[in-house]
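Two complexes are shown next, each including subunit A; its partner changes from subunit B in the first to subunit C in the second.
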Partner chain A sequence: MGSQAPAAAGGGQTQRTQYPYVTGTSVIALKYKDGVIMACDTGASYGSTLRYKSVERIKAVGKHSLIGASGEFSDFQEILRYLDELTLSDHMWDDGNSLGPKEIHSYLTRVMYNRRNKFDPLWNSLVLGGVKKGPKGDEKYLGMVNMIGTHFEENHIATGFGNHLAIPILRAEWREDMTFEEAVKLVEKCLLVLLYRDRSSINKFQIAKITTEGSTIYPPYSLKTYWGFSHFENPAQGAVGSW
Partner chain B sequence: MTGSMDLPAKGGFSFELCRRNDMLEKKGLKLPGFRKTGTTIVGLVFQDGVVLGADTRATEGPIVADKNCEKIHFMAPNIYCCGAGTAADTEAVTDMVSSQLQLHRYATGRESRVVTALTLLKSHLFRYQGHVSAALVLGGVDCTGPHLHTVYPHGSTDTLPFATMGSGSLAAMSVFESKYKEGLTREEGIQLVAEAICAGIFNDLGSGSNVDVCVITKGKTEYLRNHQLPNPRTYVSSKGYSFTKGQTEVLSTKITQLKQTAEVAEGGDAMEE
Partner chain C sequence: MFRNQYDTDVTTWSPQGRLFQVEYAMEAVKQGSACVGLRSRTHAVLAAANKPASELSSYQRKVFRVAEHAGVALAGLTADGRVLSRFLRNECINHSFVYEAPLPVSRLALKLADKAQVCTQRSWKRPYGVGLLVAGLDETGAHLYYNCPSGNYFEYQAFAIGSRSQAAKTFLERRFEGYNDYTPEQLIKDALSAIKETLQAEKLTSSNCTVAIVGRKDDGTIEPFEMIDAKRIQEIIDSMEVAEEAPAEPSSMQEEERGSDAAPMDI
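Then we have the complex of A and B:
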């Protein structure tokens, strides 16, 4: 998500123009056998500069969910504070129940849509995934909300550039009940394509998973890239003297 | 303003008609829109040559203007070119360079080389500074081997082992980036190209309908028109489109004579002069 045109508000003296400043790029997530897996890179860009290289864009929310965000990083931090307040007041009810991913997704949708209507959006695309025991057993949930309030639920989600580069792969290769290893392989496939073709991605990724046992955010690691095509070595080989 | 064939173009963009166009626009004339091809076109190099692929949908804004157009254009018997961007531009520029290549073949007595087509295309497009909106994937096999190039509307080119262009290029590129290897066989190459085009067809709104494939190897070119038809018409009415009497219930009938019949009274006065 690069800088966009300002969105001016009506409302007298105050003008709430907004551009995103420090932005994170795509987040990918998909449901697998035991729960939901989510991955993204750990970079945050300041316009065309790669400013921060060790940013965690996936966080756990409560006991049952993971939230991942692309877009303006400060707005993501604000959303995390809202979610903190939400989970705290839910905990204070002390009723043995805790907020599940569906509820948190609903809450975030209302927040995002209301801010959009006030012409003061939170410039993010959020991915919400989780597992919670429901009437039909362990119910996996994966959904997304974006800055204008569009929200939906799906078996696989990608934000930002991932929409164009990762979704075609996920649509073709996602299956019900993948094992964790298969899910990681699929996610790494998408992350590698994004690394090659998205200018704001970096080669340092974090994978997180959430199951009934709880959430795990793995430490960051890099993927191996391949640059050894013979055509890359001498592109002008067949065309001596051409440009 | 394509320049006559006898006098070589002096170079540089011809601005003759720009003032006139500006004046017309100020007077309120709405310039005609371009018919874009909103496309997925791909090419890859396999062990014996190149495989080119394209979808077959041509869009005019939100409407599908042509469900089954041909985007893989003939340049020479051993060179084909896929075109994305404005349909008229890709057609015209590939036709023009194809004719120039044929004249060159007559003059030299040799098979055309891919770099010749490449240089002719990029020089022409650069002269028009991007106004000729043609983004091309040019592939062929000549005496120096198999070649695959992309040509951008402003005239820059790339030489690549696999390439995608058009609105569906990201979807197709995601397939190539994850599955391409060197030394693919002919079947693997066709399969990968078809998969990439299908990714464009199903994930990009500007691309759709069928998959065209063209396989070029040394001495042989196969143009597989409509190699895959992944969007068949699934519902066809069993009764067909002939509607016999009795299929629609008639509720009431009223017959109105078009010619009024009038009673002529016998006798009466004769017509006055």
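Then we have the complex of A and C:
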């Protein structure tokens, strides 16, 4: 889906044509008992080539949040720089207040929507999750915002192919107050489906979690896949040939 | 304070290291009619004495809602106060637009103080002639700040500004240590009593005072910043007169407040 801003729009001497070049695929996230869990693979594709295989697409933001991104990786790096400035100036107030996940999500929504209106989008789908102490106890937050500025909050989020392959699973099997182990199992179930069916995914994943204690991004690992289906044996068996 | 050769403009220091224009601006605050503020852990109350300019006129508004979670009471040049209230409202709205969250009160007070400071360091400006009590609620609890024309600001448990505010401060000094655990009703009563001290001869009625409160109830729901209506104020005043005010226990603790007579740079 390329976009070419016509010269007449938005006071443009310059034309902004944007296609994504180096892209990450799905990110999935869900709320569980102690906080939010987020996972994605560590791959970045260059068109149809699986070019980079050790890319971290989930990062911690401040004390209370995690951000995961799919889409153009350089735009994600730019967003991380914005968030760096934001968390730094928040820290510099030095007054006991700190930006929670909801505030960061709102901020990113403003940025993404603004860029879209200038026909110069940041080509990403961002997942923002976190936990912050509120007056009613620990409040878990999970939301997403995409390149056109659409944003919402939910108990489980997926981007890219995850929308089609993971969300149905999450809708069927997500429950309130899952333990960390149960949440990991559910996440791995989704990641496995994505591995089988999304051609831009690779078998190297990172899971991250955020709780009131802080964020943890676990080292990458692989899932076991199974290819021994009888239909995969002797694939040419039923094929019609002309010679 | 007498006229001298160093008080013509705000960017002239006196040999003693004072900025007379700023001090004169603080005098303007002392001439305004009284305001008091007090807070507990969860609620903050502002009260103002309503003094009409003449018998024919109405009184000037001194308590303004700045956002759902914050408000100000001012003393001094109320026109300056109106303009600053507009500034504060704008800052709160801008923050809410980007972050969908209330601007923390300490940051609001800081922005106001920085704005006031600018006017103490430009030769073509004059200091704002108004002192503001900024009260609000954020995630760290209820807060009360006093912003003065010098650009300084302090956090208070309780404070009073304006004419005859010393009487109110004396009253508050005796009782402020218990305020953290006060209920909202107790805070309102003490605010009214403090205002009563500044009225001296006049009787306290709901028509010569304004009271506003903001806070968070025990169950977590927010009570937004709102003026209390006159009828309810009169009820509280009546109940105060019926009940015998128990003599307050003298406190020997240090003052949390700074006397408003100190030169502003004495920090």
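To be clear about the criterion, the second predicted complex is superposed on the first by the 223 of 243 C-alpha atoms of A that agree within 3 Å, B and C clash if a C-alpha of one lies under 4 Å from a C-alpha of the other, contacts with A are read in each partner's own complex, and residues count from 1 in each chain.
FYI, a residue touches a chain if its C-beta (ideal position, glycine included) is under 8 Å from a C-beta of that chain, and two chains touch if they have at least 3 such contacts.
If you're wondering where the values come from, they're calculated on a predicted model, not measured in any experiment.
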Contacts of A:K136 with subunit B and subunit C, given as first, second, both or neither: second
Touched partner set for A:E103, first subunit B, second subunit C, both or neither: second
First, second, both or neither for A:I67, with subunit B first and subunit C second: neither
Partner chain in contact with A:V193 - subunit B first, subunit C second, else both or neither: first
Which superposed partner A:A236 touches (first subunit B, second subunit C, both, neither): first
Subunit B or subunit C, by number of subunit A residues touched: B
Partner chain(s) touched by A:A208 [first = subunit B, second = subunit C, both, neither]: neither
Partner chain in contact with A:I79 - subunit B first, subunit C second, else both or neither: neither
Contacts of A:P168 with subunit B and subunit C, given as first, second, both or neither: first
Touched partner set for A:V127, first subunit B, second subunit C, both or neither: neither
Subunit B-touching residues of subunit A, taken from the complex the two chains share: 161, 164-169, 171-172, 189-190, 192-193, 196-197, 229-232, 235-236, 238-239, 242
Complex interface listing, subunit C residues touching subunit A: 97-101, 104, 106-107, 110, 138-140, 216, 219-220
Interfacial residue positions of subunit A with respect to subunit C in the complex: 93, 95-97, 99-100, 102-103, 106-107, 110, 133-136
Complex contacts: residues of subunit B adjacent to subunit A: 45, 114-115, 118-119, 144-145, 147-148, 158-161, 170-171, 173-175, 177-178, 182, 195, 199, 202-203
